[in-house]
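Heads up, the next two complexes both have chain A, just with different partners, chain B and then chain C.
Let's look at the complex of A and B:
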């Protein structure tokens, strides 16, 4: 039905180009990058702009105190490469008020070969990342995704110096744990749930390491652009009440708080920072990297937002700001066993009940199988996730308790 | 190999439910479809016995199925509602001419009384007049703003205390996405409400409204109409729809194709997200000219009407200094109503007077 009741719809702006006639807005110097329509910067002023923004994002919340031990999650990608560079740069500054005072340690988590790339490519990417870490003045640690299933008595991370990708005795290379991890991934029937599962697993592993290493905070390199894409994807997965925790500067759902010092940088700024500073990011391929735009909710949303951003350059920033205006859910609620978010309180007339009723009616299930809300252990979206676990057809799903659907023991 | 129905396990399945992707026979699909809407009505407390309910009828699929299902459930479950059809004629040649025929057919088929009100009667301008004045851009905005008030005006005229509209789950999910994309936090908070304008929560509407199809998928409404052989008029409005909304709609369709529950998942997100109390939301008052509920001193329809008569059709659509200027002028010149505005009379008047034409 026609429901065009809205008037303040974004207006397409013509594509922003670097105009030869424009000069740096601060010093009138030679232009290097245009951020928004009028924000032209020369190299020096862009450097000042970037490092100031990084410092002030951390500074304005007054969370991080001098000497705090911080675990910096580094994936090799554009966002975390820029973050690592800004930290190293900030620690070496001579001017006292510009110097970063906390004490960082880098954590690199080796991902699996999700896109089935050749050994040569994987080896080359790993080598590049390891070399980057060796170049750093900071101490570094390495873990791997399968450590989520590491044997109880073994370590889940090693120091950079103790890591050798070819050494079978290296504790973070565990074939048994890796095949268990693969079988969990493959038990999920869609790429959307696989990506969701990987994200939750990664989050839990970082927590594990941060807790073991007794860190005060975790830094992740999520940019404004990534935040906007992830936020819209979360919305489409029923994670409305988790948006605030997931995407604001501070995420305190876990044992160690996660901070996002890169969240005010758009992708373009990060890319130009990396060009300016000569840092070379390594993008690890995901499950959907070489698949179509409709492979997963995340991939679709990414291409959708990138397309919109082309005609409506304020898209990312508007979504980002919308997210900032939302509220944290009641922290006293029941916590989801899987993702550790607060489970949404039950409402009689709700999408959640409507969806359950639809399944109940069209599959002719007993009322008993339908949750009454009191015994829920999973949040709405994790419930969707476990519903996409392929079930052995000899076992009737109705006969199983929900615990049997859980991905972690 | 023919597939058996997932529900009765006996009959042959003839469709795959878009919402759950279960294969169902025709009878089981009807059963699910009707019971889910009944459940929404009961759980959402949408009606009380004795309500006089105006069904916004456009002749399109949503409102045709809505009229059919309201009549059916009202009789089956004894809601004891007094149902009437209310149509708005925007005055678009070749669009309403045919769809109004459909509404008249609905009136006969379902034995429900029908009232048709035109924009020309209410505002002095038909949509064709407006398009002649402003061209084909932005006219959906006029249409939407005018229709919103027109339904209220009509419902008051008919003595109805409630309006039901055919907004389905797709429409609501789309509106949620739309409000996130343009950062409209006030609407984001309101747009998931199944019922508006009632109790201590005064909303934009004068007459309370509800949406029995809030959790019903658009594709299932089309399927239901198809298998029930319901007669509806299917055409898009001939005036180009907004391109931005079109983007959002196709994104939503793609989300649904990836995960069938995505539409309900978005509505769930909308229902549970909470707006920070520190964020200021616009306070709703009454328009100084027509008394329609508005967050501005002059409501959108009045600003638009003024723009039309002064040859400044962008008024109310684009926020410009010119708009502010005229708004200020309108406030200071003290004239509460000009001729056209009186065509939608003040609220106090309408309580005892039903004639709204000037």
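Let's look at the complex of A and C:
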């Protein structure tokens, strides 16, 4: 499979003393990448390793059946680019036992310009993503973040062929919805809340499209690294009770079940897969791009984990595996209206209550969230988030529902 | 005649944001040939990182380096091979080498 290292040693390798040089652990071929500072792979063996891991992650849960319609959430970033490539590659395999048998459709959600980049850069990135989708053998649908505020009678997504980012009449470009979106984001005081808000909005929008299109499952490209970072961030924010559903392979809190076929790949593996296969991800800037490591809880956690990983290469796996051992909360418990997690009954007597009490005591937020019936059951962290959104003072507090604070119907 | 080491440097995965959105640079690095005493005799990756920081970096050095070494979370490849296989900081650059900096960090 792999050529043995004799004559064609690459320049970069030829200068390393031979006794220091490590070879592919499977075939002793030319090294390409080392995973966790111990497992060396050549290009061919890394390809086999990656596509096997992808297939087996999907296969071992026995959820996905031949012909199932799957909505593949594609952001253009490294994780979902690798996922899309693995899907396309898997559909084209000739050997039956290696061939993926489900029926995928791509969903690309156009993000807003969070980091204030130039129009030229945004146009260039959008163009690259559209070109990538055109190249795919799969059909694609396009939506945009502001579609969570789309007028009820209008569509929330279009087919790739109907998408023109410069056409104001394109149904998924809605200035009114966009300014509503910005005003919600801008009313949040911390970048941590803004990231949370975006995450929940994105989740809701994907659900909306998947439900409308009658899909069986949603695939998202979350890597093991992202899971570990998010898990620690969530813990620090008091979301302990939702960690299991949010970060396990299957997430069935919503209408359409979410599966994470990339969750056993660390970010390094994903990046090397993209290099190996020549896929060119497009990184969309986030709320905290250009900002310091301390800009948000997630960014801080990310740099903390990266620092640890540098000296202890098993850090991400260890956090990830520990998270996998957590028990699912009682499914008959009370569900948070916003994130649909089961609210820990213990938590209702502690963190949430303390928070409610502190709001009861604060003058500005009198009786907005308190004592208002079952309509507003929120978990601790969603309660935090909702309380942070500034209230439109022209509407009387009695008439406000959660939708006025955040999103959707 | 002064000696130079010619290499290509590439930035991906958000690293380009720190270099004015330039994704590829061709560099001609001076090599100490007796006349120019300030230039290194040989260039290691570590020297290159330092050179990029001093001469080419457009934004926030702390997002590129961390105590003289590359910031954790940034991967380096030399001629499409993981630098961890090649001796990392101590790898000695050769004429024609292609060095790729790629960020694993979310959103750069």
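The rule is short, and it goes like this: the second predicted complex is superposed on the first by the 337 of 409 C-alpha atoms of A that agree within 3 Å, B and C clash if a C-alpha of one lies under 4 Å from a C-alpha of the other, contacts with A are read in each partner's own complex, and residues count from 1 in each chain.
Assume a residue touches a chain if its C-beta (ideal position, glycine included) is under 8 Å from a C-beta of that chain, and two chains touch if they have at least 3 such contacts.
Quick caveat, the model's predicted, so the values are computed rather than measured.
Visitor: Comparing chain B against chain C, which has contacts with more of the residues in chain A?
Guide: B
Visitor: For A:300, select first, second, both or neither according to whether it touches chain B, chain C, the two together, or no partner.
Guide: Once the two structures are laid over each other on A, A:300 reaches chain B alone.
Visitor: Once chain A of both complexes is superposed, is A:290 in touch with chain B (first), chain C (second), both, or neither?
Guide: The second partner, chain C, only.
Visitor: In the superposed arrangement, does A:27 touch chain B (first), chain C (second), both or neither?
Guide: It touches nothing on chain B or chain C.
Visitor: Between chain B (first) and chain C (second), which, if any, makes contact with A:384: first, second, both or neither?
Guide: first
Visitor: Considering each complex separately, which residues of chain A are in contact with chain B in the first and with chain C in the second?
Guide: On chain A, the residues that contact chain B in one structure and chain C in the other are 10.
Visitor: Help me check something: in the complex, which residues belonging to chain A touch chain B?
Guide: It is residues 1-10, 190, 192, 231-232, 234-241, 243, 294, 296-297, 300-301, 304, 308, 312, 315, 318-319, 321-322, 325-327, 329, 344, 347-355, 357-359, 361-364, 380-381, 384 of chain A that touch chain B.
Visitor: Spell out the part of chain B that touches chain A in their complex, as residue ranges.
Guide: Spelled out, the residues of chain B in touch with chain A are 6-9, 17, 19-20, 22, 24, 28, 31-32, 35-36, 39-40, 43-45, 58, 60, 62-63, 140-141, 143-145, 148, 166-168, 171, 175-185, 187-188, 194, 214-215, 237, 241-242, 244-245, 247, 251, 254-255, 257-259, 261-262, 264-277, 279, 300, 316-317, 319.
Visitor: How about chain A: which of its residues touch chain C in the complex?
Guide: 10-13, 15-16, 20-22, 31-34, 37, 40, 78, 115, 121, 225-226, 229, 267-268, 271-272, 275, 281, 283-290, 292-293, 298-299, 302-303, 306-307, 309-310
Visitor: In the complex formed with chain A, which residues of chain C make contact?
Guide: So the residues of chain C touching chain A come out as 13-14, 17, 21, 59-60, 62, 72-73, 75, 77-82, 84-87, 91-92, 94, 96-97, 100, 102, 104-108.
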